[in-house]
Structure formats: structure tokens, C-alpha cells
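Read through the structures below before going on.
Paired with subunit B in one complex and with subunit C in the other, subunit A is shared by the two complexes that follow.
Take a look at the complex of A and B:
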């Protein structure tokens, strides 16, 4: 029974990360019909920015790791910095290519991802090796019937839920969220209606990158280790989650994240020698879903207009 | 009499230009001084730019190379055959040329899918891998002759393309891109983990090709001079490369190529004029996969050892960037880009650590400032349009 619970917890953790990445993908595709394949590597930026911040703070002797304020400030700063990175990506790569064919943009973002990976590998001291992720969350946890649930699991889980609620409110209740939904429905008409399309798309990039940065932090904090190339895995799994759930739908991203991480964790946990094949099975699930229901679980079936 | 003289003069001129081209190629390939290489390439690019800018020179060169195409091809082929003989002490350069040729075959195969038909295939390396593994395992375990293995590798890859395409040909853009990514990851995982594929150790000791009981691993003796064994493979792969280039041109100029382009431009419109879109998409998948399978088989038998690490996702990205940088659907552009993108990273090994960064940033800059590629593909011109255009040109003058 313990084993099942442990599997269940790691399943929840993984689905939190995948969901956060998938929401970014689903927003990009939903609003400007563009899959940003450097999104996974933005997660790595989040993780490494937090490590730099941690080093910076401990240089000045501030090491209250575990306290609430410390966690909050360090995470918020990282999120802001990765959000700024999103602005940079948008200004430098996406904006000049906004009107060119999608295949070109796809390749540009892929190249961006590769550049990010290599820059981190080359410039970070001993960047090619796995890095020990700083312990920002408190030790210990809550005992439920002799079973220890660590603080980091609880924090990651509730943080994800809070973020999801905030994102949902942001998209549905604020003015920028309204303009995002508007742009996603019709680019030209929303321009005519006086929406600052550029600003809206930039906002999408800020939110997406910030969420990806958060996912990177969670990944580091959960596995206690991070590497320059974890982003490609996170990115592709996140994109799979977004597609399974239905591109352009935030609830779909959650469902997709749950499905992908469920397959990954339970295949590797319950089947002997399954850990070798966990990626294989999750991609086979993606294949099956796409063949049976190509528009995703919650995606609307679109009819092409001539 | 005057006419013959002119033809003869033009032949000499073409030979002269081709020889200059090959000398530059020789310098670029053999030199280790990357400043020299960079300056040569820069000057060459500037020259090409100015020649194309000036109408008079442009017309002269176009006429020369268009009216005497046969001479260009024959001289070019002869020079390609002679060229490695000058590299007797440089086995590594011949190795590079072989790798370039394999990459060109791969890029031409992907060009059929991405360039002609507009299928966003991000998992092309899967076909490459299955061709290599099928051929290598058949040769290693059952001792089948290389030539049968080669065909077998190509056919297995195209059957896999068929299996992948049958359920997915109806999908669009990102969904299809994700399917192909998933496919390449699945293939990678299978190669890495299945006992059948020899797991993480990879397949060792793949036998070399034999031609009438003569092994390709033997050194070649020509006119009393010993040449490295790479030169055998160079001729073998050059043979296949030329066949594939010819097939690509034939396909482009055929009805199938036209239908593929129609599908790329507008799927609904091509459906409405009675084109079986799914059938032609599947055809593009199979033919592209066949290219990759043959390339994989050649690669496996040349290197003699393959493992899953040779077939990672990054390779599909590299091939895709060749196709896009060369100019979608432009065969000569793809060949040029495949050449540059394989040779230049090798030449800039001095910058080892920063190589990939520079590479990706150059790709991004290229995409932003010249998204149509190095040699953009022109619209197809048919004879009845051609007559109108030439008439207009005459009127202009």
C-alpha cells in the first residue's frame, strides 16, 4: 500500500510540472497558433536562475531556506526573470517571424531552444554535469498513519493549484485575459476592435515563460538535481499533454498532464523493468490518442473554412 | 565552323569555372586555418552576390550554364570522380565527403515530405535508424549480402513510413509534428532498450560490402598508388547520391511532384479538383522514408557500428534545418545547405564549445532575414507560360 501511495504522490508531482508546461503550449497555440519549441528549455532557465539567485543570496549571508518569506521571494524573483526572458524571446525571435509560415517559426524556436541549452552548458560552471539543486523547501513533512508526506510535495501541489486558479481568473476576469481570448478567436478583427495585439501576445509569452520557469523550479526541487538538458524532455512531454488535452484549452492541459504522468509513473512503477520503457509507453499513448481523437479530449472539432 | 568554335570555347570556359570551384573546395576541405576558410567563403559569397546583382554578368552565366547543361554535368561528374584521388593522404576528408553525401540523401528524402508536400516531419531520424538497423542486423546475423540488405533497409523503412502514415495522414500541422516527434522517440527507445536491437551496446561488426568477393575494406590500388579504403565507399555512395539526385529531379518534374506542391499550397483546393490527398501524402511518406532507409543502410555498412546514440532527435532537427535553409523544395539549395551545414561545424572545431550556439544563432538570423532559404524555389514555369515570358523579355529589350 505504501508503494502505491508513493507512486501516487510522484504521479501528482509529475503531473503538476507537465500541466504547467502544457498550459504555456496551449496558450501559445490557442492565441497565435504557434508552437514554441523552446518552451521546455525555458524551464531550465527557471531552474538555473533560481540557482544563481540562491548563490547570490548566500554570498551575502542570507540563507533562511525553509522560511516562508524566503521561498516566496526567491520564487517570485525567478518567475519575474523568466517572464522577462519570455519578453526577450518574443521581441527577438517571434515578433519578426509572426507573419511567416509556421514551419519557419517552428524551426526558429527549435534553434532557440538549442541555443539556450548550449549557452547554459557552456557558461555555467561545470554546466555539462548534473547540478545539485539548492534546498529551498523545509525539511520534514506531515505524518499520516506513519506515512511521511514531505513538505516539498505539499508545497508543489498546492502552489500548482493556486497558480491554476490565478491563471483561470486572469484569463476569464481581467481585461488582458479578455483580449487574449479575443485574439485567439480572430487576429484581424481584434486588431480592428482596438486591441493592442502585440502587447497581448507579449503577455502570453510572459505568462507562459513564467509558468515554465516555475515548472523548472519544481522539477529541480523535487528531484534535488537539475541538468542543462532536462528541458527537451519536459518540453516534449508538456506539448504531448497539451495536444492530448486539446490545444487551446487550459482544462485540457490539466487532463493531458494527468494522463501523461499517470502512464509514465505507473508503467515504470508497476511493470518489472518498465522504467526503461516509460517514455516509449507515454509516446504510444500519445499516438493512440491522436489517432482516435485528433483534436484532443477537450478540443473543439474545427471545420476548415475555404 | 564559327559555331563549333564557340561551343568549344564555352566548354573550356565551363571546365575552367568547375576546376576553380573544385580548387576552392579542396582548399576549404584540407585547410585547418579557419580564418582562411571563412575569408574564402565570404569572398565567394560576395562574388556570387555581385554577379547576380549585375544583369549583364547574370545573363552571361545563366546562358552559359543553361545552354551547356550536358557539358556541365559531364565535367562535373568527371571532376567528382577524380577529386578524391588528390586526397590520398587525407582519409578524414574523404570520410567527411561520405558523411556529407549521406546527409544529402537524407535531406533530399526529407525535402520530399517537408518541402514538396508540406508535411511537418520532425522525426525523420526514425526512418534513418530503422534502415540502418534492418540492414545491419540482416547482414550481421544472417550474413546476407550487402546489396540485398541495402534494398531491404530501404523497403523496411518505407513500410514503416506506410504504417505511420496510414492512420495519421489526415492529421494537420502541430498534431502531425507531434506524431512524428513521438515516432522518433519511440524508435530511439526501442533501439536503446530492446534486446533484439542489441540494446545500449549497439550492433558491432557490421560486415563491409563486397563486390565480386572484393571487400570494400581493402585499400584501393590504382596505377601503383595505394588509396585509403574510404575511397571505395566514396565511389559507392557517390553512385547512390547521383541516382537519388536524378530521382529527385524526375519526381519534381513529374505529375506526382506537381500534385505534392498542390497539396502543400492548398489541401482543400487540391481535394476539390479530384486529387486523392491522403494517397499522395502516404506516397510522400513512403518515398521519403525509402531515401532515409537507403542512407541508413549505407551509413551502417560504412561505419561498421551503430547504436541508438546515432539516431537521436537532434539529427532530425539538423536535417530539417538543411531543408529549410536550402530553400524548401529546391533540390540544388538543399544539396548546398546539407554540404555547408555538415562541413562548416567540422571546420570550426576550434570554437568547439561555442560551435552549437553560433550554429543555432545563425539559423535564427537566417530565418528572420532570409526565410526562403539560400536558393529560394521559383514558381514552376511551363512551356506555354515560358513562351509568354520570353516574348515579354524580348519586348523589354
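Take a look at the complex of A and C:
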């Protein structure tokens, strides 16, 4: 029984990690029809920015001694800074290419991701090495019938749910969200109706990057480690989750995350010798979905108008 | 008479010019050597440590001023990728001025490039890699390796766990690269030879972060030993997460791929009492300690476990060039047939270019650092191993 509970907790945690990354992908595809392949690496930027902030404050003798306010403040600052990184990416890479074919923009994001990795590796002290991530979550947890559910499990799970709800409310209930939905439906008409399309797209990058920053922080805090090159794997898994769930649908992100992590946990935990094939099977599942339901589970079928 | 005077003057001037020309200090010939290693990618830390160590030795030798050649080093990145390694090997070997190279950390890359170096007849001194086929499959004369084989590390690991600590039941976790699967096969053989029992074998991907599913499974198997055949990041994560699932009374054994203080940094207190069947301890000799001092004075990146090997690889190449000149074939022959005394002690190669020395050492993790067992507080009895039942 303990074994099943442990597996279930691992499954939930992995789902949350992938979902947090996938939400960003769904926003980029949903609004501007772009698969931003620097998104995974933006998650890593979030993790490294937090470590830099910690280091900076420690240098001036401002240490946290575990206080919630201190940790929350640093996380908020990190998210803001990562969001501003999104502005930089938009202005430097995306905006100049907005009228280019989508393939060119996609390639530009791939190159941006590679550049991010190398910038971190070269500029961060011992950047090639894995970095110990600061302790954010408190020790201990809640005992349920002699089984310890750790605080990190509880926090990450509820945070993921909250983020999903907030993003959905933002997109459906706010003026900016309305602009985003308009732009996603028709770029030209949105412009004609007076929507500042460039500003709307920039908002997508700010929010997407901020979400990536949060995902990077949670990933680093849970595993207590980050590295300059984990973004590519994180990005691929997050994108796969978004594809399965339905690109453009934020609730699809959680379904996709659940499916990918279920496959991985099931294969590695329950199938003898399966651990080395977990990635293989999770990508086979992605391929199956692309073949039988390319719009994803909750995605809407789109038609190209001629 | 005037004509004679002019002739004598012309001849004198010519003689003077020839004399001055002949006495002018001759410019040293520039000889090129190469270093190839993972300068980017997941193993960049090891590659950069080795590159710095290589550079340190080259500069040391050239500073002495009695070296007969100017040495130009070409640094190439293999990114831990065989295709990139082959491209780098082709690039250096096709430069006719390159006479020798020190190469590679990853065995798959080494296996891919030995044919290139053999084709061009360029001496290839391995400062890393552990696959036995690199030296023994073809016995190429160009290939030498200054680091011991993985099979020796695994024998030591099995010997200690089973016969010294009486831990019989094992779970093997390995990464799915050639390095990991090779170590899996070798440790399996070593365990079986000694009557140990393998309860399960699990493959993991390099770059994977979450091992809770397989560790939950391993918890059910209740082994005495968890062996990890792979590199440092995954080793540290597995060790940390194994403690979360309650595998704190298990001997954690790993191999040279994890022999880096990065293990302790990542695993923190979970690293305590882990074992590593590793390579040469550079702090165990006077000359080794001098290397550490010189290295740390110049570089901020750690030299990692392969730094001393790269340092001696540079020394081996430079010794050969000094002895026989910048001749590829002569350098190949010289390196294979001559011993070298360096920071590793005396390096001697067997008929296939494999070192017969290289210093295997058992390390225990104490206060988040790998310490030679003999120097540890565990060996002296001052501390008790945390996993001892």
C-alpha cells in the first residue's frame, strides 16, 4: 500500500511540473499560434534568477532564516524579472519576425533557447555544473495513517491548481484576456477593431515567461537542483503535455500533464525493466495523439479557410 | 689596386652578413597539439577541468624555456557527442601540423574517434573514458590511455561491498548511455563472481530528475546495496531521493563518473556514508598536492577527477615531441614504448596502450566531500557509517 501511495504522489508531482510548463505553451499557441521552444529554457532562467537574488541578498547580509515572507518576496521578484525577460524576448526576437512565416519564428525560438543555455553556462559561476537550489519548502509534512505527505507535495499541487484557475479567469474575465482571445481568433480583425495587437502579444510573453519562471522555481525547489541545460527536456515534456491536452486550452495542460506522467510512472514503477523506456513510451503516446487526435483532448478542431 | 680594395670590401661585407645571420637566434618551430573534450553540454564541468589542467602543464613546460619547440594547442569541443567528436577529430587530424592529441571523457565519443586517429596516424592519449574496447578491441598503436578501466573500478566496488562490508543483495541502477550499460554489465559480473544477489536492475536517462517511482519499487525490494553506474548529477539525485523513500540503511555505491564534490553539493547530508570506487587521489602524494596548489592558483573551475589525467597526458605528449621531434609516426611509437613520470606516478602502457597503473581508490563521502577511505573518520572508527544496521 505504501508503494502505491508513493507512486501516486510521484505521479501527481510530475504532473504538476509538466502542467506548469505546459500552461505557458498553451498560451503561446492559443493566442499567437506559436510554439515557443525557448519556453523550457525560460523556466531555467527563473530558477537561476532566484538563485542570483538569494546570493545577492546574502552578500548584503540579508538572509531568510526560513521566513515565509522573505521566500515569497524573492519568488515574486523572480517572477516579475522573468516576465520582463519575456518583454526582451518579444522585442528582440519575436516582434521583428511577426510578419514572417511561423516556421521562421519557431526556429528563432529554438535558437533563443540554445542561446539562453549557453549564456547561463558561460556567465554563471561554475555554470556547467549542476547548481544546488535554495531550500524553499519547509521540512516535514502531514501524516496520514503513518504516511508522510510532505509540504512540498502539498504546496506544488495546490499552487498548480490555483495557477490554472487564475489563468483561466484572466483569459475569460479580464479586458486583456478578451484582447488575447480576439487576437487568437483573428489577427487582422482585432487590429481593425482597435486592439493593440503588438501589446497583446507582448502581454502573452510577459505572462508566459512569468509562468515559466514559476515553473522553474518549483522544479528547482522540488528537486533541489537546477542546471543550465534542463530546460530542453522540461520544454519537450511540457510541450508534449500541451499537445496531448490540446494546445490553446489551459485545462488541457493539466490533462496532458497527467497523461504523460502517468505513462512515465506506470512504465518505470510497475513494469519490470521499464524505467529505461519511460521516455520512449511517453513520446509514443504523444505520437498516437498526434495521429488520432491532433487537436488534443480538449483542443478545438480548426479549419484553414481558403 | 682600387678594384682589389673594392672586391675585398664586398667579400668582407658578405662574410659579415653571413656571420650575423648565422649567429642570430633561430626562431623555434611551432608544433601543434590538440585537446578534445566536452567543453559544452552536460559534462562540460569535467571537460573544462581537464582542459585547464592540460593547459597548465603545457604552459609550465614552455615557461622553462629549454623546450625546443613553440607549442600551439588547438582546443576542440566534442560536446559528449560521438558525431561532434568525430568532426573535431577529423579537423585536428587533417591539419598536417598537428602531431598528437589528448582526447575525450565519454567512452562513446572515444570509440567513435579512434578510427580517425588511426587513419591519420596521430597519437591519441586518452585522459578519460573507461570502455575497454577503446584500447583492446583493435590495439591501435596510436591509442594510449592514462586512466584505468571501468572493469577495475567495478571489481573494487563489488569486493568492498560484499567481502568487506558483507552486503550481499544489490539493486543496480545505471544510466542508459554506453557508459552506464557497460558498468551495469561489469558490476553484474563482479557481483555474481562473489556470490552476491541482484534483486533488480533499473535503467535511467541522463537528464532525468525524478527517480521516485523506481526508488519506491526498490524500497519494496529491500536491498543491502544500491549501485549507481552513471554520472554525478543523477547519482546525487538518486541518493537524495532514496533517503526520501526511506532507503537510509542501504549502502550507496557509485563509480568514477560520480567522483566529484558536486555529488556532495547536490546530495547534501544525504551524501554522508556513500561510497565511490574511484580514480587516483591527487592529494595522496606531494607532487599531486603541488598540482592542486598550482591549479587552484590559476583557475576558478574545479579540476574534477580527470584533471590530473589530462595534466599527465599533456606531459606525455610534450615528452615525446621533445625526444623525437614533430613526427607523427615517431611520436606514436615513443609514447607507447616509454614510461612517463608525472602527477599520477609512473605511467606505463601495456601492449595495447592501456595504463597498468593509474591508482584505483575507494572513497567514502564525509561532510559532503569524497575522502579516501584510509584517511576517513569512518576507517579510524571515529564515526559510524550511517547505513550500518
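Just so it is clear, the second predicted complex is superposed on the first by the 304 of 306 C-alpha atoms of A that agree within 3 Å, B and C clash if a C-alpha of one lies under 4 Å from a C-alpha of the other, contacts with A are read in each partner's own complex, and residues count from 1 in each chain.
Please note the rule applied: contacts are C-beta pairs under 8 Å (C-beta built on N, C-alpha and C of every residue); 3 or more make two chains touch, one makes a residue touch a chain.
A quick note: this is a predicted structure, and the numbers were derived from the prediction, not measured.
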### Message
Based on the shared subunit A superposition, would you classify subunit B and subunit C as clashing or fitting together?
### Response
clash
### Query
Just subunit B (first), just subunit C (second), both, or neither: which does A:279 touch?
both
### Message
For A:108, using the defined touch cut-off, is the partner it touches subunit B, subunit C, both, or neither? Pick first, second, both or neither.
### Response
first
### Query
Looking at the overlay, what does A:29 touch: subunit B (first), subunit C (second), both, or neither?
first
### Task
Look at A:56 in the shared chain and tell me whether it touches subunit B only, subunit C only, both, or neither; answer first, second, both or neither.
neither
### Query
Once the shared chain is lined up, is A:13 touching subunit B (first), subunit C (second), both, or neither of them?
second
### Query
Looking at the overlay, does A:240 come into contact with subunit B only (first), subunit C only (second), both, or neither?
first
### Message
Let me test your reading of the model: by the given contact rule, A:132 touches which partner, first (subunit B), second (subunit C), both or neither?
### Response
second
### Message
In the overlaid three-chain picture, which partner chain does A:158 touch, first (subunit B) or second (subunit C), both, or neither?
### Response
neither
### Task
Using the touch definition from the top, say if A:118 reaches subunit B (first), subunit C (second), both or neither.
both
## Note on the structure
Which of 21-29, 93-101, 237-245 or 255-263 hits subunit B? In subunit C, it is stretch 93-101
### Shared subunit A surface residues [contacts with subunit B and with subunit C]
118, 276-277, 279
### Query
In the complex of these two chains, what residues of subunit A are touching subunit B?
29, 35, 93, 96-97, 100-104, 106-108, 110-112, 114-115, 118-119, 122, 232, 236, 239-240, 243, 247, 276-277, 279-280, 283-284, 286-287, 290-291, 294, 304, 306
### Task
Please give the residue numbers of subunit A that touch subunit C in the complex, ascending.
2-3, 6-7, 9-11, 13-14, 17, 118, 121, 125-126, 128-130, 132, 150, 219, 223-225, 227, 229-230, 233, 264-265, 268-269, 272-273, 275-279
### Task
Using the touch rule from the top, collect the residues of subunit C that touch subunit A in their complex.
40-42, 44-45, 47-48, 176, 200-205, 207, 209-210, 212-214, 216-217, 219-220, 232-233, 236-237, 240, 244-245, 262, 265-266, 268, 300-302
#### Entry: Interfacial residue positions of subunit B with respect to subunit A in the complex
114, 118, 120, 167-168, 170-171, 173-175, 177-179, 181-183, 185-186, 189-190, 192-193, 268, 313-314, 317, 320-321, 324, 328, 353-354, 356-357, 359-361, 363-364, 367-368, 371
